[in-house]
Each structure stands twice: as C-alpha cells, then as structure tokens.
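The structures come next, written out as structure tokens.
After this come two complexes, each holding chain A, first together with chain B and then together with chain C.
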Partner chain A sequence: MECLIGIRGKDFVLLASDSVAGRSVVAMKKDHDKMFQLSSKLLMAVTGEGGDTVQFAEYIAKNIQLYRMRNGYDLSTKAAASFTRRNLADYLRSSTPYMVNLLIGGHDDNDGADLYYMDYLGSMVNLPFAVHGYGSFFTLSIMDRYYKEDMTKEQTLALLQRCIDEIHERFIVNLNSFKVKIIDKDGIHVLKDIRPTTKPPVEAEGTQQQQQLMDTA
Partner chain B sequence: MAMKGKNCVAIAADTRFGIQAQTVSTKFQKIFELGPRLYIGLAGLATDVQTVSERLKFRVNLYELRENRRVKPKTLLSVVSNLLYERRFGPYFVEPVIAGLDDVTSEPFVASLDLIGCPMVTEDFVVSGTCSEQMYGMCESVWSPDLDPDQLFEAISQALLNAADRDAVSGWGAVVHIIEKDKVTTRTLKARMD
Partner chain C sequence: MTATYDRAITVFSPDGHLFQVEYAQEAVKKGSTAVGVRGNDIVVLGVEKKAVAKLQEDRTVRKIALLDDHVALAFAGLTADARILINRARIECQSHKLTVEDPVTLEYITRFIAQLKQKYTQSNGRRPFGLSTLIVGFDYDGTPHLYQTDPSGTHFEWMANAIGRSAKTVREFLEKHYTPELATSDKETIKLALKALLEVVQSGSKNMEVAVMKHKQPLKILETEEIDKLIQEIEQEKEEEAEKKKKQK
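So, the complex of A and B:
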C-alpha cells in the first residue's frame, strides 16, 4: 500500500515517498519519512516488510559510511547501488531474506544524477523515472506521456504533482501526503510535503433539485 | 538466441525487464561480454541474470589470470555448467546461451544450458526464454548453413522480432551482436514496443 516515486531531471534526482506508516488496516503515523541518507549525495527510499526496511537501510547506510572512513571518499551512486544489490541478492537465498523494495537516487561528479530501481529479489535497473507499489499502475503511464529528458526542478515537481493527483483520484488507499527530497550537486534538499490538489466536490445532477424540495418541505 | 554463420556467430536478446504484466524497463541488459569474441546471453529471473553474470565474470577473470590466456567457448560452457550445477537443489532461474569464436582457430561456437547446467552444443542455433517455442519455429525457417554476417544479421533479427511479437511478455526492444573474426557489430533493432 506504500508508494515510492523517483524522477531524474537535469543534473538532479527527485525522490518522493508517501508518508503513511501503517500496520494492517490502521494508519499509525501520517508524517513518516521513508527515505534514508546513505551519504552526503546519496538517498535511499525504502518500502516493504516492517523492520526489514529500517534494518536493511541502516545496514547499508553504515557500510557506505565505513567505506568513506576507510578510503577518504564517497562511493559513486552506481557502486553504492551495486553494493546494495549484492547484499539483497546474497540474503535472498539465505534463511533471512530482506523483503524490501527500494529506489536509490544520487549525484556524482563523474556520472551526474542517477536513479536506480531495485526490487526485493535484487534486480537492479537504472531508470529515468521509477515507481514502487500499487501507485506504479496509475503513474507509470503518466510519466511515459509527460516525462522529457533534462527537465527543470519546476517541471519535475509539476509531473510529480500530476502523479500524486492521479493516485489520490483512483487508488483506494488514502495517501494524501508525500515527502519530497531532491539530490543535486549541492547535496540533499528537503522540500515541502506535497499533497494532492484539492478540487471542488462534484455534485451529481439531481441533488440540487432534491435539496430545494427538501428545504421547502 | 544465438546462431552460427560462415566464420561468424550472432547473439540477440530482447531488452524488457518486467514484473508479470508490468514493464519496468525497456533497456535491460541480458547479453554480457566475457571476451573479445565471446558473449553469453541470459534469460530468466532478472536478479539471477545479474548475479550469474557477475559471478561468471569473476570466475572467468580468475581463469584468465591463472592460465594467462583467454577462455575458449567450449571451456566457458563447462564453467557455466559447473556454476549452475553447484546450485542443483536451489537453482539460479536462468537459461544461458553462449556464442563465440574460438580464440585461436576462430571456429564458430553456439551452445545453451538449462537452469541446472545441462550443456547442449548445436551446429545451427540455440534459443531460450518464454517464447522459445516461437523462436524454434522462426529459426528453423530463416536459418540455413553458411550465412555470411549480413545475411545472418537479417536472419537472427527477423527470428527474434517475430517470435517476441507472438509472446505477451517478450519484446519491448531488441539488441543484436554479430561476432566476426576481426570485429563485433552491435545493433539495436527497431522493435514493436508493446
């Protein structure tokens, strides 16, 4: 029931995640942040089994930091994503696999901005835009239609707004706020939460007449 | 799939990465280079395609460091077979095809394996994937012995494209490598993106 969205723009990556923390049918927390900072210019958004998400994300984050401490420089986005994939794939056939789906967004000096999609089995792809969860069924086609290479921040946010509006319109689960972060050459920036655009309620045709009759009666 | 020609081989694959009915990526790499004239294509579960190609590259690198020469296609077949059979009771869900020219004699070689490493060397072509039956039909029609590189390119491209078009979960892009004695030509085909 969770949704992660990632869009690559001109020299930046935008990651958005819904902010509902739920267990079974209960929404326990409405402003939960599902994104973990792996390094100064690497961000990972995680969904999946409760517990596995945080454990795996922190494990990867600490190992990325260890590399930096040992070698004096950060891992590239591709290397960090490959490292994450290797861990997921190795644990897959152990007795304790991690059930986590993730998006890794990062910025390098060499390769620019990169977005990697990884599922719980450890399949990894570099994509211009990616979505995890049921939200993908509603939003991937919208992105196919409106995404262009090298969009500006404003254009990317507009595209994200379209996607969130569609999820709000058609997805049965109420995901009414998304945490948004951008990674560019200056690091990770937290933007304001994005909510679906409120539309005026649509009244069915006969109700106005019925209301008038009710009032006079 | 992979096909033999006259002093050349060709290997081709679609480029779809999907999760059941949903297509996630149309640029997924399934063919990997293990030598200047030796390629392996892997069909099956995406995570295992990536894991097997990484582990295989590791083994081939060690082989080349120890033996101080490039691995022969026939030997690679045995290496892959061993890698897959080690997991006999918890296998990697991949079906590899190998295409290459022998390093010394430049003899063409194609082979395929099943998911637990049973090797099969053929004199004409090998196929693997969800539309393998369609590919067998197409290859049988378009292939003939001793095709030159251009004819081989046409043959393998038509075989792959038309077979994939009859399978709902195959397609969304295709890539073909033609391996000759002195060069390798890689072409991306204009495929139906549906």
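So, the complex of A and C:
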C-alpha cells in the first residue's frame, strides 16, 4: 500500500514517499518519513516488511559512514547502490532475507545526479524515473507522457504533483500526503509535503501554468 | 594447529613487571612526538612529521586520524599497529550509533581502545600494541575532552599532554605554561600546542601537522601558511619578552 517515487532532473534527484505508516487495515501514523540519509548527498527511500526496512536502511547507512571514515571521502552513488544491492542479494538466499524495496537517489561530482531502483530480489537498475508500489500502475504512464530529460525543479515538482493527483484519483487506498526531498550538488534539501490538489481548482491560472509546463513537450 | 598459540607471551617477571608491556612503552618513546591540548571550546592535536627520504613521495598519510565526525586520534609508536586500532575504533563508532542511535562519547571510545589494548596483554600468542594514543573530541553535549591510552591498556583524561619522543620535556613545558585562562582563547590554545611542539621540532611548520576541532564542526587540518603565521607571532612574542627582560636589567 506504500508508494515511493523518484525522478531525475537536471543535476538533481527528487525522491517522494507517502507518509502513511500502517499495519493491516489501520493507519498508525500519517506523517511518517520513509527516507534515510546514507551520507551528505545520498538518500534512500525504503518500503516493505516492517522492521526489515529500518534495520536494513540503518545498517547500510552506518556502513557507508564507515567507508567515509576509513577512506576520507564519500562513496559514489553507483558504488553505494552496488554495495546495497550486494547486501540484498547475499541475504536473499540466507535464512534471514530482507523484504525491502528501495530507491536510492544521490549526487556526486563525477557522475552528477543518479537514481537507482532496487527490489527485494536484489535486482537493480539506473532509471530517469521510478516508482515502487501500487502507485506505479497509475503514475508510470503519467511519467511516460510528461517526463523530459533535464527538467527544472519547478517542472519536476509539477510532474510529481500530477502523479500524486492521479494516485488520489484512482488508487483505492488514501495516500493524501507525500514527503518530498531533493538531492543536488549542495546536499539533501527537505521540501514541503505535497498533497493532492483540492478540487475544484478555481485558480485557473494555476492549472494553466501546470498545463504549460507539461505541454512544452 | 592451536598448539602453536598456547603459550602466553606477556608473563610476569619475578618482581612483578610485565616486561613486554614495558618494552612496548619503550617503542612508544621512540615514536615521533604528538601533543594534545584541550581548550574550553576547542581541542588541538599536533604531531611531528618525520622528514621523508629524497626519493620518497611525500604521502600525506596523516598521523592524525578521524574516528568519527566528532573524534580524532593521534598516536606515537608503531604505525602499523595504529592502523589496526584505528580501524577497530572506527567500526565501533558506527556500531555504537547503529545500536544506540547516539554518537560515542569520548570516554566510551577511549575505554574501548584501552580495553582492546589490555586484552592483547593477556592473550595467548599475541604481543601488546606498541603505541600510545591521544584522543580528542567533543561529546554530544559540547564538552571537550582529551584522553590518553598507553600499551598497558590504561587510560587517563588530561588537560594537555604529550606522547612519544621527548614527551617528558614537552609535558613539563605544558605544565609550566597551561593556565585555565589560556584555555578560554582558541588562538592561545593552538599557540600553546605549537609552542610545545616547537620544543621538539625545531625545523618549523614543514615538519609539523596540526589539527583543530570545534564543537559540531569537522576536523580542520591547519595549512602550512596558517602554522607559519602563528609561529611568526610566537617568535615576535618571544622577542618582546626578551626585550622587556633586557630593559628591566
């Protein structure tokens, strides 16, 4: 029932996660942050088995800090993602596999902004945009239609707003708030939570602007 | 196979000495000097950099190692042994944060290193670590600390201390010149560490490495220019003192 969204823009990565922490049919917490800071310019959003998510994320984060202490510099996004994937894959065929799906977004000086999509079976892929969860059924097509390379932050946020509006429109589970963070060359920035646009949008200007930003394809 | 590691190496002498530990302390006395000074808002570490051979690349392999964002370590003695200890300490710093969610306190990580050293004075087939360390940093609540460990596995807290070559001379110098008033000024604290190191390292900034740390700020390794400027000030002050004394006479 959880949703993670990642979008790569011009020299930055945007990660958004729904903020509902639920067990079976109960929503226990409505402002839960599912993203973990691995280093100053690396962010990991996790979803999956309760407990496994936090344990795995914290384990990876501390190992990445250890690398930094030992070697004097941060791991690149690619290396950190590979390390994470290696751990997932190794634990998969043990008696204690981690049931987690995750998105890793990061920025480094050599390769710029990168987004990696990983699932609990240990598969990994570098993507311009990625979604985990049922939300993917509704949002991937939106992204296919409106995503362009090298979008600005405003354009990317508008695209994200579109995705969240679609989830609100068609997904049976109410995910009415998303935590949003951006990673760029200056580090990790926390943006305001995003909610679905309330109808009716009498601010015709607003939607027009959105429309303009979207249809400059 | 295990029969080869049955014998203990560090054993008591008839008059109650652990000679292996004392020999390890001798190894420390041969290592290059390290100085540590604790101010009220700053901690300073200074080490003597031994001159490299002509054909050798001047690797900036620092004798000052970062254990965590808020803890730094300088050592005197066997460099290879130091690497092992530093690695174990770095792992422990992260492991502590993983289990307890809090960064280590200076006292905790010093105790960890000291206990590790002690273990090696009482294990089969192992020799003690041949180094002493000076550990500096700030606890989470902002209090600065300076600790020292030695090969026997004991640890003490100091306001200022030196280890390695000529440590006794340097420590006496520190005892003479350290005042609580001095500790209130960041600059004076750094200058005291420099003055103490200059007692041993006459050749100046190119054979020294100085690092400072303030609360919630990363470790800063001073540039050669900065050190030179401070040394100039120190020289000037010395001259002024000498002038005063002459005039008094």
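In the analysis below, the second predicted complex is superposed on the first by the 199 of 217 C-alpha atoms of A that agree within 3 Å, B and C clash if a C-alpha of one lies under 4 Å from a C-alpha of the other, contacts with A are read in each partner's own complex, and residues count from 1 in each chain.
Simple rule for what comes next: contacts are C-beta pairs under 8 Å (C-beta built on N, C-alpha and C of every residue); 3 or more make two chains touch, one makes a residue touch a chain.
Quick caveat: nothing in here was measured; it's all calculated off a predicted structure.
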Can A:Gln155 be said to touch chain B (first), chain C (second), both, or neither? neither
Quick check for you: in the superposed arrangement, does A:Arg70 touch first (chain B), second (chain C), both or neither? second
Output check: A:Asn176 vs chain B and chain C. Expected answer is one of first, second, both, neither. What do you get? neither
Could you tell me if A:Lys62 is touching chain B, chain C, both of them or neither one (first, second, both, neither)? second
Is A:Leu121 touching anything from chain B or chain C once the two structures are fitted on A? First, second, both or neither. first
Kindly classify A:Ala89 by the partners it touches after superposition: chain B alone (first), chain C alone (second), both, or neither? first
Return first, second, both or neither, reflecting whether A:Phe137 touches chain B, chain C, both chains, or no partner chain. first
Compare chain B and chain C by how many residues of chain A each one touches, and report the one with more. B
Name, in rising order, each residue of chain A that touches chain C in their complex. 58-59, 62-63, 65-66, 69-70, 72
Please name which positions on chain A make contact with chain B in the complex. 85-86, 88-89, 92-93, 117, 119, 121-125, 127, 130, 136-137, 140
Can you list the chain C residues touching chain A in their complex? 66-68, 87, 90-91, 93-95, 97-98
For a test of understanding, state which residues of chain B touch chain A in their complex under the given definition. 17, 19, 22, 24-25, 27-28, 45-47, 49-51, 54, 90
